[in-house]
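Consider the two complexes below, in which subunit A is the common component and subunit B and subunit C are the respective partners.
This part shows the complex of A and B:
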């Protein structure tokens, strides 16, 4: 009898372990960038392609960096939340358009010239924002995803909260839901803007 | 017999699929000229996890991100960076998770020590069981007492009376 008790106990422990494991989100990889300065970049602005923007220009402000692309399906899901946010909250939201053309998967990049890719990327990004609304103060274009690598982007959409000193305070991977916005991002913004 | 055959078949199947992915990654890498650099790229890529398809290395994965990361590794090799510098570059951006062999430290102690602890526990239980069993068998193996042997004699006589 005692022996069966042990076997049952071990089995229950295993079930518990697996249940907890299944409940975890494997995409929720803790970012080592939280608490570190936002990696520098200087990328062309979507609305004014002859101008560039980087984290340096945002010094002294609390701001959000949202990684998006028109081919990204989850971005479409989070977009209304961002549009709502930009109407209500006075915190600059900067878009980082990630591999607009290359990430799509529908183009043969070996055959596309750099300026052709650039033209197409700007066109597509502009159209997407015109169709779905533009919550961004500005969007910068990361055509080859090089800046994305610096920010440890691996699943678009991703959102970073950056403080006045230019330090990343939070990273969220995946679409922002009203719940995450209300419970995690808004309180953090309020605290940082105090 | 059949089980053994099935296991063997599975083993060989997995072996061949892994060599197949290896081959496709090498074909892509063959674009570069320097074989030494390519060997380093291959070795480093097998140490790094692709964060999109999390159970593949960036050598095995054909995800966009894996291709980008291979490109980064190749560029860094070209720039004369050491293996450690390249791995650190990845860890700074993606965390220890990007390493297929995470470093031993507080948070990964259970990961590294867990299997050994489980094996020790198993050995302990096995040893205890075997010891108990042998004492039980020894106990049963005692020569018959006088009373028992006389009873056995009577029983045997009852069975085949001469």
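This part shows the complex of A and C:
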């Protein structure tokens, strides 16, 4: 044994720490909304613009709220997972389309009238769902992002699991992967639906 | 098509790196010159391929090719051209490619500038870099390929994070990476020396300018990042002890120790094992920094995309590179001779103390950075370690270091006399004490910590001046002072300029933390506020439009003693692509102070013409912080350009025989 081997020992300890650290998520700070009632909204439905929907309409059901937009690249990555999910699982998935027009860089909002924005947003969202498949039971349109603020949306896509009493039970930021769906969301849905 | 070519070049580069990392190393071991000869052409090919690949990615950005996922995520057709180019390294994949580009360029520089080195040595150095390059190329190709396609392509890109749309992004990452990656050369020289068993003064002489060059880049890179944070974040802070900052600061501390330790190894043949260990550590810490930043094990204000697969890959890479080099070290080090003896008081012992203090400083930063992870790993909760810890442990370590910096240059090699040194520098110390008492009094707020900072800075300046003048006088031999001064070696100038840089830096830090003033106020148009004698009048806010954002631009008149000085126009920008408003502070920079205004939020969101939250800062000497860093880097540049690195074998053989006799 030579006297320089302690350096290797110290390095091994560091590696062990880092390896354990990889399994932890420092960002896994619970959203303040988890355990609280889902903030109320009443937004126009994409398929039937003259009707509106809010969390109170979903009372008594376990449901998912998925925040998306057609300009969001990660949403496209997530989309096949959601489509697959909607085919297999009988849990209502509600889409919250977030700042469809304003969130996109390509428009000068100062020069766009409100009804023009609305028309364009519905058109774009419909086209996107037609192109990529529609996993949503319904999609509601949050044109100005106010509901997004209430829900603390800070990166699209985001997904909320809401229970029968209308309480948020889980929030996931970023695209849903098959892994997260299988290991976290599905067990939670099963438990809530018991 | 072009992204596929870039991808293909990257795959080819990985193969070339594998060849570079195996044949020359084996060849050097078995003395097969044909294999050794592969090193140089393979290095050129590697540099060419990676450069081509990088150019392909840049081409995709410049031409808005949103069918490449990475481009779609980090660019936008409205983004100005210079940011589209800088956006190449605005995200994870591209910044790894930049890292790679720098590595191959360093290797290419070694290949071009090593004509006087033995071929076996060159083969081992380039081979080691080749292995590192191979690992990184695999990492890029497997987990983070910037050329992945998005089919069908997106109509528009998501745009670059507005925080990054700044001049800082154009130069900060390249400088920082040049520093990080530059330590790979010192590392490769250390590994080559361990492999060959030739750990001598000649080795130290060869690797010294490379180490200094990397250190200069790292110094500038860190300073640039700090300056960027200062003007871009709008908080007026210049260093936050954030994990990502620490990740760059740790290699700097060890690199600084290495630069000094190499001096001892070169001049006296001592500290060989220690120097090699520092060279390995400096690069290992660069890699550790990459791991910490890229794996997402720590939370940081630098919100990088993270992916656990990447973390595992870097960790494996870390284990392979650092583990094998430390094992090699542990195996070879006991056989290395001790080198020249030295007395308890000597330049060697002072440089050793310098090294120990720098390593301790680095260890405290490492501890503070990893502590939250440790606590989390032990399931004891989630904590964060902030500036109070770092400030509390850093000052006690830095104080003796800065004090020693004043007397170190006076100490002779082998043996020095403390009374003699003290006699030479006593007036410097007296003068420093007077300045340390006077300056805080003039600024009207005396505190022990302020006085300590000024004392140390003044001490370094005065003692350095005495040392400089003394040395010039002793070599004057009838010439004028100026011509004798100009004949001093560049490395001597380099040392003093770099030390002066430290003093300037310390002054900046001390003054700004002691005497800065800030006010956080609510202002309606027409109102005014005073900070440290500066009078700010708010004239309201108007809307302005940029290429890819709209902004509320505040209009402030700055006046002193009733005399109008200038208009200041801080902005609050809303980028079309982002929900987060960005603050653009207005800064009037000056030699002795900065005045800084940043716009907060309108008090009533629907009435931007009414009251706004406004922050105004007075920051004395803040630019000295970065000025000091610039001086340090200039000092390093001077040292690197010293004539003796360009004289060929003469000095090398002389030192060899000298070292040989000392070991006997």
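As a working rule, the second predicted complex is superposed on the first by the 165 of 194 C-alpha atoms of A that agree within 3 Å, B and C clash if a C-alpha of one lies under 4 Å from a C-alpha of the other, contacts with A are read in each partner's own complex, and residues count from 1 in each chain.
The definition used in the following text is that contacts are C-beta pairs under 8 Å (C-beta built on N, C-alpha and C of every residue); 3 or more make two chains touch, one makes a residue touch a chain.
Just so it is clear, the model here is predicted, and its values are computed rather than measured.
Asks: Just checking: does A:87 make contact with subunit B only, subunit C only, both, or neither of them? Give me first, second, both or neither.
Replies: It touches nothing on subunit B or subunit C.
Asks: Based on the superposed arrangement, let me know which partner A:15 touches: subunit B (first), subunit C (second), both, or neither?
Replies: second
Asks: Scan A:145 for contacts with subunit B and subunit C and give back first, second, both or neither.
Replies: Both partners, subunit B and subunit C.
Asks: Taking the superposition as given, does A:33 touch the first partner, subunit B, the second, subunit C, both, or neither?
Replies: Only subunit B; A:33 stays clear of subunit C.
Asks: A:111 contacts which: subunit B (first), subunit C (second), both, neither?
Replies: After superposing on A, A:111 lies clear of both subunit B and subunit C.
Asks: State whether A:103 touches subunit B only (first), subunit C only (second), both chains, or neither.
Replies: Touch partners of A:103: subunit B and subunit C.
Asks: What is the contact status of A:72 with respect to subunit B (first) and subunit C (second): first, second, both, or neither?
Replies: In the superposition, A:72 touches subunit C alone.
Asks: Could you figure out whether subunit B or subunit C reaches more residues of subunit A?
Replies: C
Asks: Let me test your reading of the model: by the given contact rule, A:5 touches which partner, first (subunit B), second (subunit C), both or neither?
Replies: It touches subunit C, and subunit B stays clear.
Asks: For subunit A, which residues lie in the overlap of the subunit B contacts and the subunit C contacts?
Replies: The overlap between the subunit B and subunit C interfaces on subunit A comprises residues 26, 29, 99, 103, 105, 145, 148, 154.
Asks: Which residues of subunit C touch subunit A in the complex?
Replies: 69, 72-73, 76-78, 150, 154, 156-159, 273, 277, 291, 295-299, 308, 311-312, 315, 318-319, 322-323, 326-327, 329-331, 333-334, 370, 372-374, 376-377, 382, 548, 550, 575-577, 579
Asks: Where on subunit A does subunit C make contact in their complex?
Replies: So the residues of subunit A touching subunit C come out as 2-5, 7-8, 11-12, 14-15, 17-22, 24-27, 29, 71-73, 76, 99, 103-107, 109-110, 145, 148, 154.
Asks: If we count contacts the way the header does, which residues on subunit A are in touch with subunit B in the complex?
Replies: 26, 29-33, 99, 102-103, 105, 145, 148-152, 154-155
Asks: Which residues, counting only subunit B, touch subunit A once they are in their complex?
Replies: On the subunit B side, the touching residues are 51-52, 54, 64-65, 68-69, 72, 91-97.
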